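Each chain carries a letter (A, B, C and D) given by its place in the written order, and its residues are counted from 1.
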Amino acid sequence: MRSTLKFAVPLAVAALALGACGTKGGDTATPAASGGAAACGNYKIGMFGALTGPNANLGIYIQNGVNLALDDYNKKHADCKVTLENYDSQGDPTQAPALAKKAIDDKKVVGIVGPAFSGESKAADPAFNEAGLVTITPSATNPKLAENGWKTFFRALGNDATQGPAAAKYIKDTIKSTKTFVIDDASEYGKGLADIVRQDLGSQVIGNDTIQQKQTDFSASVTKVTSSGADALFFGGYSPEAAPLIKQLRDAGWKGTFVVADGVKDQSFIDNAKDAAEGTIITCPCVPADVAPEFQAAYKAKYNEDPNTYSGEGYDSATILLDGIAAGKDRSSMVDFVKSYDKKGVTKQLKFDAKGESADIKVFAYKVEGGKIVGTGEIK
Amino acid sequence: MQNLIDNFFAYTITGLTIGAVYALVALGYTLVYGVLRLINFAHSEVFMYGTFAALWVVMLLGGRPGAGVGQVVFWVAMMFVAAMAMSGFIAVLLERVAYRPLRKRNAPPLIALISAIGASFVLAEIMGLRSRITGWVGLDDNLRDYVRNSRNNAGMPTIIAPQPIFTIGGYHVTNVDVFVIVGAIVIMIILDQFVKRSRLGRGIRAVAMDPESAALMGVNRDRVIQVTFLVGGLMAGAAAVFYMLKIGITRYDAGFILGVKAFTAAVLGGIGNLRGALLGGFILGLAENYGSAVVGSQWKDVVAFVLLVLILLFRPTGLLGESLGKARA
Amino acid sequence: MSDPTPPTTGDEPAVERTLADPADEVTEINPDVDIAPEDIGVPVVSEGERLLEVDEVTLRFGGVVALNEVSFHINKGEILGLIGPNGAGKTTCFNVMTGVYQPTSGGVRYLGKPLGKRKKFQITKLGIARTFQNIRLFANMTALENVLVGVDAHHSTGVVSAMFRLPKHRREEAQGYARAIELLTFMGLDGKADELARNLPYGDQRRLEIARALATSPQLLCLDEPAAGFNPAEKAKLMELIRTIRDQGYTVLLIEHDMKLVMGVTDRIVVLEFGRKIAEGSPAEIRDNPAVIAAYLGVDEEDAS
Amino acid sequence: MSTTTSAPAAPKKSSPGFRERVDNLPKAVKIALWVVFAFFLFLLPLLNIPFITTEGSDFGGVLFTVATYVLVALGLNIVVGYAGLLDLGYVGFYAIGAYTIGVLTSEHAHMSWVVVVPIAIVVAMISGIILGAPTLRVRGDYLAIVTLGFGEIVRLTLVNSEWLGGAQGISDIPKPPGLELFEVPSIDWSSGAPVVDLGTTSTFLKFGINDFVPYYWLALGIIGLVLVFDILVKSSRVGRAWEATREDEDAAELMGVPTFRFKLLAFALGAAIGGLSGALFATKAGFISPDSFQLLLSILFLAAVVVGGAGNRWGVIVGAIVVAYFPERFREFADFRVLVFGLALMLLAIFRPQGLLPPRRTVRAKRADDRQAVLEEGEAHV
């Protein structure tokens, strides 16, 4: 038996190590303390997205919004609380299907906020569709997601197809750029968006480049932009790349306008690019925080910071599901409830069309001024 | 292609700047490989810790330097001290914790690589989880600026404001470009002299050439290995400073890709060969930039790796061959 | 799972083996085991003919001349000694013959045909096998497996045959095991067939190297200082072994430092010094050759003893 | 004749106790034990055994992932464990297998799954040869970086090639044809004791969207086949040639082993198995994108092989289970998964440098012994 023992020990050590670390790590998914009245369904809603790992920030912003909505609901329905079940995909499509199955098998789960990213949506949504479990995504913006005929798919924000043209319009009409350079990060989101902008701007696009995600040295792209004489640059991508890109562009003395989309609408962009971020234009199909001051105040009270990207959408998505629970809906009847939903949320009028897209989409322009992202109004 | 011809000097100078960083990091791989025949997979994290040290020291000392030359010199010096100390420390720690126990047990070489990979994960994750870790020990409030959004980018203020100092082929060469390229070469020369002339340097060469004979001749192998790691760490620290001056933004996983590139540079030049690392770094930086210019930045890494394969096919031991031991005594 | 194997060696070996005293610490060889080369398509030359000719071979490494127009030949069925002081180019000469190095000029002819740029494994297949000065066994494989690798040189089982256990695989495995056991028995290693090579005592490792080389059924067996590290008693046994191997039909090329050993066992001797051939002839002739005496006396007393 | 048991103190020789007792069982009992064990493995996702079953994620899905890792580890073991070639870009072959399925069943054609899987294997194998033919001549450590580059080139090509779906990847990969022979009930433990739950069942080989168990069964079956293949090939001239090459390439060459050819063979076979696992992955996922083939995965694969014990097929299986299962089992500590994994790798390297289950030379030695006995019998009969 000694040989078995020998390899059992390292295993046990590994297991212990895992255990020991974990207890300290804490866990946000605490189940409900106790059930309420007999009629109470002990329902749950699911939060599906990256809560840990490299992409966790976005998921946590959403989760904050969802938790706020739950607090509101549970305050009103103290006798029958709804709990939140987290499905932490780490944004990884590979992990998504098994998590979706887990959510589907838990009959108490009546609706999902998420999946947060487009990739994991594609991996998990077919399963949700088959099981008839409603998903309202607060952040996945790939237009094609709505084209699959999934009857459980809803999107609480505008997709890239609405944002792209607005960005192009802003570049053309407001910035009055004549020579625009377009860069994307080859991601589904960034490239999709950049391609729409390229198409809409047509011949005024004087140069293109594609970078890699996680790239930090952009010297080749910088040379391309500066040598092209562009007066505006649209970047389709996320803030981790946007910050070093604009910093290096400004270091090289480029003076044009930097235009980005909601993937960069993130305080960390300004924190990292510092002065270079000044003047950056950010488009976003999201309502400026000051449009819903109560939400902003509540959020700030709870988390000690301003609502961040998609926090409002997270709040709205959760609110729709919670309204459904309040109206006595269960998993099977929730789909129709969401479909016919029509109420004002903190980000927009919450109403979906036949494909599950938000019916009322406005794209706003923001500008980085004095180290803050300031709304400059709707792009019409 | 036309773009490359028109902006040839722009691509060249910027390629050399990033190449200088590759070269300095590559030295760490090459030194350790020469002495231990080991791919120090975690060396990328040694570099990454250096970038954070450079960033933190700036934050610690007040965040934003004034203009004058004296100020700039002071800040850059502080960055060097902090980054090299941090990277050197991490490199030595790494050797003590991850490699020395294995050496004592005569573990197979592959397992050393696994230990290196493990160490790399641990180091990167500690940095990535630093907000959680400070949270446990109750220092979160005090260290908020240092640990906030620990999975995210961390940027630092501009230390050397880029100023064009001369123009070559239409490209305005900035003070930062010059500082990085010249600085890297100077450091490299110092290292070369150290390995050539100092007693410790001779020890390194002796162990690289023949560990057993070196031991017989009274060279303390453990000490030499430790010094090798330390020197590699110091070089990575210097690279980190140049990187932060040029890029200005780092992240817990910033080392990974850069490490892969630097290792590629080391192999390209001939692993184990100090001058090979320099040459490999510069060539890789240039190749990436030229490649990006011609086929698009998205193929940058592909260009780098294809170049590597081609060179290995025709020169199986890299451009300058592998010879830390024979390093031109 | 194992295949019934037709005995290829007759009855005696089995008997011999059972008689061997297991308590005996020193491994005794079993000279009566028939280990004659198998008929595996290697052309056989009649005794006395030239098996291998080294023809004006020169080898340079950069500026260093390792071999300088060295010529000699090996007759079928003889034991040829290749001697010389340290650094004389003996092993280098071996390496040229086995395809490790390509000569800068000149060439090696085997059975009248030039070896040309054949790869190492192809040369082995032609019938030249060697051992190494510093033992290079497959340390983590068993003694049996080490020998099997040698036998496999003339096998052609591939993935498909192995996967479906086709008759070819079965035939070759059976033949291979039989041959390997035969060789191990001959070397007195049959009791240690399942030991990892690295766990064998030094002397056994040396013998196992010879067995592995013999397993490739060579016409020419090249032994690179097989007696290195042996005491006189062991050396005597080794000489006996080499003679037995020759008597079983192999041609042997022996590199050796130890003059006494070489004198006692070889038919002819070639002497190298500084990459040059300085003498060639019978042991008696070599013993009296002034150039050889000078070379040995001038270099290393110990080696010449 | 002396036996191996009298061997002089071999370092790290595993104690014979358990192993020997199993070996000494009658053949019929051994076969029966194997059958029972195989049966247990097939039923594992439905047994819902407490503690083993993953809480945070669907157990069937997790087991499938574990099974793909096992398959990958078996393939990579041929390359790393047997032939001693350090491959840091194995994910490339995995991706090629998956994308062959994606391209031929969804993106550009709608061929039958049954036809496409062999194609995927062949394509992966060919890519292995294309990569190996020029690079296997370079020395070991260089091979590591070259293969690492290969993995990245494959991924970047996927990201940047519109034809391959770009970053969007390929969706709607069809399910393989099923059989729907019978239903297997699962076990429910919610009452504290096992109860057969006829409500939650898995249909034998109905490849649906929401039941991963049949995919797991499929993967398990394929693992079985690959294992048999592995055992047969390893215990032949081919396996010996690999090992000889790993031990001492020059000596092997001089003993008549065409080492380059065998290295290439190992590379091609490893690639083929990698492609097969990728194909399985794509089949179950239904959606693939370059994100699923990150460089990190190559490193995890290699870790699985080395953690388990490179060269021992049972060891690498254990390694694959450790690498794939533990992070899912301890999902609640998600943020620390990688950290703990890294720590575990370091601890393992220090305290178990040969891997969890080092190659069992003694077992092989024993088998050789049996052969010899048979030989002697044969002789005695004549």
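Keep this in mind: a contact is a pair of C-beta atoms (placed from the backbone, for glycine too) under 8 Å apart; a residue touches a chain by one contact, two chains touch by 3 or more.
Given the structure is predicted, the values throughout are model-derived calculations rather than measurements.
Chemist: Under the document's definition of touching, what chains do chain B and chain D have as common neighbours?
Modeler: A chain counts here if it touches both chain B and chain D, which gives A.
Chemist: Measuring from CA centroids, which chain ends up nearest the centre of the complete protein set?
Modeler: D
Chemist: Taking each chain's centre as its mean C-alpha position, how far apart are chain A and chain D in Å?
Modeler: Centre separation, chain A to chain D: 36 Å.
Chemist: How many angstrom between the C-alpha centroids of chain C and chain A?
Modeler: Computed value for the inter-centroid distance: 72 Å.
Chemist: Between chain B and chain C, what's the gap in Å when you average each chain's C-alpha atoms?
Modeler: Centre separation, chain B to chain C: 50 Å.
Chemist: Compute the distance, rounded to whole Å, between the mean C-alpha positions of chain C and chain D.
Modeler: Whole-Å distance between the two chain centres: 41.
Chemist: Which residues of chain B are in contact with two or more other chains?
Modeler: 132, 296, 298, 301
Chemist: What are the residue numbers in chain D that touch two or more other chains?
Modeler: Counting only residues that touch two or more other chains, chain D contributes 156, 159-160, 335-336, 339, 343-344, 347-348.
Chemist: Tell me, which pairs of chains are in touch?
Modeler: Contacting pairs: A-B, A-D, B-D, C-D.
Chemist: Sort out for me which residues of chain B touch chain A in the complex.
Modeler: The touching residues are 3, 6-7, 10-11, 14-15, 17-18, 128, 132, 136, 149, 151-155, 157-158, 162, 164, 171-172, 174, 176, 246-251, 253-254, 257-258, 288-289, 292-293, 296-298, 300-301.
Chemist: Residues of chain D touching chain A in their complex?
Modeler: 14-15, 17-19, 56-58, 60-62, 64-65, 156, 159-160, 166-169, 171, 208-212, 281, 284-287, 289, 291-292, 318, 322, 326, 328, 330-337, 339-340, 343-344, 347-348, 351-352, 356-357
Chemist: Can you tell me which positions in chain A touch chain D when the two form their complex?
Modeler: So the residues of chain A in touch with chain D come to 1-4, 6-7, 10-11, 13-15, 17-19, 21-22, 25, 27, 29, 51-53, 56, 88, 90, 92-95, 97-99, 101-102, 104-105, 119, 122-123, 126-127, 130-131, 142, 144, 148, 186-188, 191-192, 210, 212.
Chemist: Can you name the residues of chain D that touch chain C in the complex?
Modeler: 1-4, 7-8, 10, 229, 232-233, 235-241, 243-244, 247-248, 250-259, 265, 269, 359, 361, 364-366, 368-372, 374-376, 378-380, 382
Chemist: Could you list, by residue number, the parts of chain A that touch chain B in their complex?
Modeler: 24-25, 53-54, 56-57, 186, 209-212, 214-224, 226-227, 239-240, 243-244, 247-248, 251-253, 268, 271-275
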